[in-house]
Amino acid sequence: MAGNSIGQLFKVSTFGESHGHALGGVVDGVPAGLELNEADLQIDLDRRKPGQSRYTTQRREGDEIKILSGVFEGKTTGTSIGLLIENTDQRSKDYSKIADVFRPGHGDYTYWHKYGHRDYRGGGRSSARETAIRVAAGGIAKKYLRQIHGIEINACLSQLGPIKAELFNWSAVEQNPFFFPDESKLEALDEYMRDLKKSGDSIGAKVMVVAKNVPVGLGEPVFDRLDAELAHSLMSINAVKGVEIGDGFAVVEQKGSEHRDELTPDGFTSNHAGGVLAGISTGQDIVASIALKPTSSITIPGQSINTANESIEMITKGRHDPCVGIRAIPIAEAMMAITLMDHLLRQRGQNPDVNLPHGPIK
Amino acid sequence: MAGNSIGQLFKVSTFGESHGHALGGVVDGVPAGLELNEADLQIDLDRRKPGQSRYTTQRREGDEIKILSGVFEGKTTGTSIGLLIENTDQRSKDYSKIADVFRPGHGDYTYWHKYGHRDYRGGGRSSARETAIRVAAGGIAKKYLRQIHGIEINACLSQLGPIKAELFNWSAVEQNPFFFPDESKLEALDEYMRDLKKSGDSIGAKVMVVAKNVPVGLGEPVFDRLDAELAHSLMSINAVKGVEIGDGFAVVEQKGSEHRDELTPDGFTSNHAGGVLAGISTGQDIVASIALKPTSSITIPGQSINTANESIEMITKGRHDPCVGIRAIPIAEAMMAITLMDHLLRQRGQNPDVNLPHGPIK
Amino acid sequence: MAGNSIGQLFKVSTFGESHGHALGGVVDGVPAGLELNEADLQIDLDRRKPGQSRYTTQRREGDEIKILSGVFEGKTTGTSIGLLIENTDQRSKDYSKIADVFRPGHGDYTYWHKYGHRDYRGGGRSSARETAIRVAAGGIAKKYLRQIHGIEINACLSQLGPIKAELFNWSAVEQNPFFFPDESKLEALDEYMRDLKKSGDSIGAKVMVVAKNVPVGLGEPVFDRLDAELAHSLMSINAVKGVEIGDGFAVVEQKGSEHRDELTPDGFTSNHAGGVLAGISTGQDIVASIALKPTSSITIPGQSINTANESIEMITKGRHDPCVGIRAIPIAEAMMAITLMDHLLRQRGQNPDVNLPHGPIK
Amino acid sequence: MAGNSIGQLFKVSTFGESHGHALGGVVDGVPAGLELNEADLQIDLDRRKPGQSRYTTQRREGDEIKILSGVFEGKTTGTSIGLLIENTDQRSKDYSKIADVFRPGHGDYTYWHKYGHRDYRGGGRSSARETAIRVAAGGIAKKYLRQIHGIEINACLSQLGPIKAELFNWSAVEQNPFFFPDESKLEALDEYMRDLKKSGDSIGAKVMVVAKNVPVGLGEPVFDRLDAELAHSLMSINAVKGVEIGDGFAVVEQKGSEHRDELTPDGFTSNHAGGVLAGISTGQDIVASIALKPTSSITIPGQSINTANESIEMITKGRHDPCVGIRAIPIAEAMMAITLMDHLLRQRGQNPDVNLPHGPIK
């Protein structure tokens, strides 16, 4: 129970279902004095919004964020911030037929068994629609981290099915509908997606998220290591099945002499560790990658059962993304920001000046 | 700060450094009435213990666990359980030379910058030695899960460097010093490790951990999803750089029609999801994998710096495992057990009878 | 930071200022299947609402509660419940004059020093207006506790200034604007309040809150004792300066032979303990009392300072209750309900059948 | 479940029963660099120790504290601190007769019903013996608060049965076995206690605890107000039935014009609030009082029942304090210190320089 909050000093609590009245949440722990308005948060919501390209669902949500509290005369007051997004496009008629069936690969089966009573419209609470509020909450963290500490967080699609980015040109990312950093692959992506859509199938993806200018010292061993908490927050994103820090699973075949990042008076010579050693940030870029599964909402028929345990055949109609990874870009940034923000505040307990290496005791 | 606890209803808090007086902890939230004695916990501690084979460190720790409270007349009382392991083999003289240097790939650099004052002996708190208490605490969870719910948790080494298990024969796992499930590869492993030792280098590994008979319904969306909490607890193990649930990173190249686990009246037809859908257990096996980096404690010289930011050359002497993944087997089981135990208790809040699908309200 | 949540398995997170757009919150941990609608919550909001009698502030807020999520087809789904009350009567012009001054006895001084930037309108977040959402959240807990466990929670005003209730006639409580259980004192109260209003002063009060039919076994020693958590939740109500369980401060002059509640095969012979022994509910009524200070919003001039540390004279104008204790009745019930609900769910971890004395292990 | 931890950034987790092997705990969140040794903690343990005067139990515990981790070369390292006190005087034979009976006024009845299986020796976990570890953990907090922030925390016995302190001479407190601040009443106390002991009865007490030099700004509204968290921590002490902040229950009969603490450019003119306004410290002394019930361990026979629900007569033999309030002095100080320490660290999240009024954003 009570799994709808994340963070300790920077705490985000959310509510809302795909086809309910609204999505919303409470963002607690924003220090006072940060300039903040709705436009700051709308930017990322617009990046996440469906209907942005022909490869994402054509459902049209305004996703207009409202700040209901915690900001006064344009600045945060240190009190909790209420966020709200009203659901304007609810077409719940699309979903009434699936009230008693379990779509394979979705939360229908597990929600029904856990709760016994569920909102079946569009996946209810298990829909990725809830991530809109994460993006808004993460937007607050991103702004604080950037403005007060110069920390920049950016994500991109590093792989879509068989197509991998080989060049990482960050300036390209926001210039294409795939958030892809390798412009030489855009045409291939376009073609791949066109074929995929025709086939009615979906595809997995890999997203990389990087934080720059993170001070050394964030992370609280032994359990609340920065990487462990990032794994938690990134794995909590819908459809994520794997999380890597730095070289991730490639380390399985690496030797110690290859992997260890050597140190010189000018800094580290490499960043296989992804910016985290022994659970604490090194001051290098924090690099994480996540694997997103292909959505199960496809038009290719599949076997399933209904609540009476009878065999049925499923075809998921409606408006769905053939690659949910694309829209996960701002979500991954938001979760990275939420975790870093929480750890920045927690580190101040140990050492109030997080931008200096050493602590308050002289 | 305060990162040395994990879990909410089943809460484990630990202390202890590699070369301090003792390791210990508090295990809170064990229901009353469980038969428990020290021998129950010693089994896994002995599996983790160094010096078990010629491929693990020859440091000899008794690792004798003591239960100091919470058990009366052979049964748990529902009160917190105090655990203690005294450090008997502390040879701290080995480490005095590295007081002012940062071993590359270790926590020396980050601990020094975070805290300003650190116990440099054997890595202090950042040493994997602290996992001994995790194994003991996890042993309590394992016993409860097995005895009350029939849940079995087992881990094995699924890959060591380039050598992958192709057969998963669980009965073989405890019969060889590598905890490897594919007996046909044992000779190759032996040879690989012999060469590795000669070279003074180390190698990464992959560990798979599986829980059987987990009831449907564990996991608390949207942030405390079962997979997100598993990612947290598994990534908190020393040297882990990646976590996968089910097919993990393979999903990046999968299609929806391949990945989705179809349902029939007799159950799921596959388990690509690894036993978790929408953050809630499906009743299938929970399957997770972790990537463990090659230890940086190798005898091949590497560049580093000291606290005065001067260039130095490092060679790590002392007793070290060339593949830390091998000893991670019982640790991975322990962390899986701790997380499942916590979620079992949390799920009782929603539905007191976790072995029945539906809740308490009729 | 992050002090706007309460509870562990039943978790309430709130936001909202006196004169902001709205008050709201997230109620997490309501088991699925509870029948719930807005009217269930409106009852207590109406009991708390200002303008109910001539002795409470004449500010008129609709205080109309909206349930934005977590309820589907009339029943809770086990997912988080979003609550919202829009502020309709904001007259912030009343407050602009006090932007730079600290009203004595209010949070102005401490909020300004803590945050540096504050919403000065009507006390902002420090206004008791935020308790409206507590009352709504508590209403959900009250309904669950009543419906599933037969637990009834009621509060009354047991003392107003010098006038103490001597008879506790619970059926009288909802029949008079003071929520006073002793009808013989109503005339005296009326006269006292009339005089008080004329004088421009305010008065303190004592509120008693009682829970009936609480099962034995709630409370988690040694720190999360039921009485300790009740002390937390009740002391968190605005203006509360003291909390008693059972005989409270009267125990200071009691002897052990007087105080101890003796036991017979038919049950306890008395309830000096107030239903809690060693931090765990006994099955008797849970009895708590709170002391509420007289509001500092009075028309009698007082000395204060402004943000420039200059001496000023303060008179609080506007619409204020001369005795804030009266409106605290439903708030005290709500906080008792929130704490009991959380502990009921936590106790299920130990013993899934909270209505039977013993646990799940046979 | 899991009620054996307190605090968020400064977190104390404890274990241990009255007659078990040992008491111990984990203190997490002590910043690095604090000079600390066992003697620092032994001082308060000796103040709490039984057998100090003829009015406290003659049970003799060495209560020797050991620091097992988290301190290196005389200074804290920022990692978790393990504490241990071995039980040396366990005489459990005294208690075997009461295995199946419920002593009235004790936790026997509630522990048995909650857990079904309990350590009946000397109250097991419900014994006040567990507070020894609180005193040790609080000693760490006290040292940090004093050394780094100049905060001083002191408690005294302000009332014992009918005898109230009228003078508060703090220098007298440590000079008499009652920790009483009014020397003119020492003879009366002595006589009262002599008579009480003869009668075989016990008496309640009131303890006042004061913290000086607390910076303005500690406390996290709306639920984690400083006063609410103090109420939690103080009410969690064995035998406490009431908590007051500042004037406490006296406010019930106060007028607003009396109670409000007026402000001048030189500061507050009074401290009725007890140093907390709107849940945040004002910079004045934090003043709290607690009511401790008379122990139920008396030699005057009382009715009770056994686990078979049969009527029995109880006389509590053994070594018991006729006034448990006396030994609560260092415990009250410890709990105040633990709560202030946690809030000091939490406030650093909002404003890293807790000794300056305003925050980090310019």
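Letters are used for the chains, namely A, B, C and D, taken in the order the chains are written, and counting of residues starts over at 1 for each.
Everything that follows uses one rule, which is that a contact is a pair of C-beta atoms (placed from the backbone, for glycine too) under 8 Å apart; a residue touches a chain by one contact, two chains touch by 3 or more.
As the structure is a prediction and not an experimental result, all values here were calculated from the model.
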item	value
Which of C-D and A-D has more C-beta pairs touching across its chains	C-D
Maximum centroid distance from chain B, chain identifier (CA atoms)	C
Centroid spacing, where centroids are CA-atom means, of chain B and chain D in whole angstrom	37
Whole-Å gap between the CA centroids of chain C and chain D	26
Whole-Å gap between the CA centroids of chain A and chain D	44
Shared-contact residues (touching 2 or more other chains) in chain B	1-5, 8-9, 14, 29, 31-33, 78-79, 114-116, 125, 221, 345-346, 349-351, 359, 361
Of chain A, residues touching chain B in the complex	1-6, 14, 102, 104-107, 109-111, 113-116, 123, 125-126, 130, 159, 161-162, 201-206, 216-217, 219-225, 227-236, 238, 240-265, 269, 272-274, 277-283, 291-298, 300, 302-305, 309-311, 346-347, 349-351, 357-359, 361
Chain B residues within the chain D interface of the complex	1-5, 7-11, 13-17, 20-26, 28-29, 31-33, 66, 68-70, 72-73, 75-82, 84, 114-119, 124-125, 345
Touching residues on chain D, where the partner in the complex is chain A	8-10, 29, 31-34, 78-79, 148, 221, 345-346, 348-354, 359-361
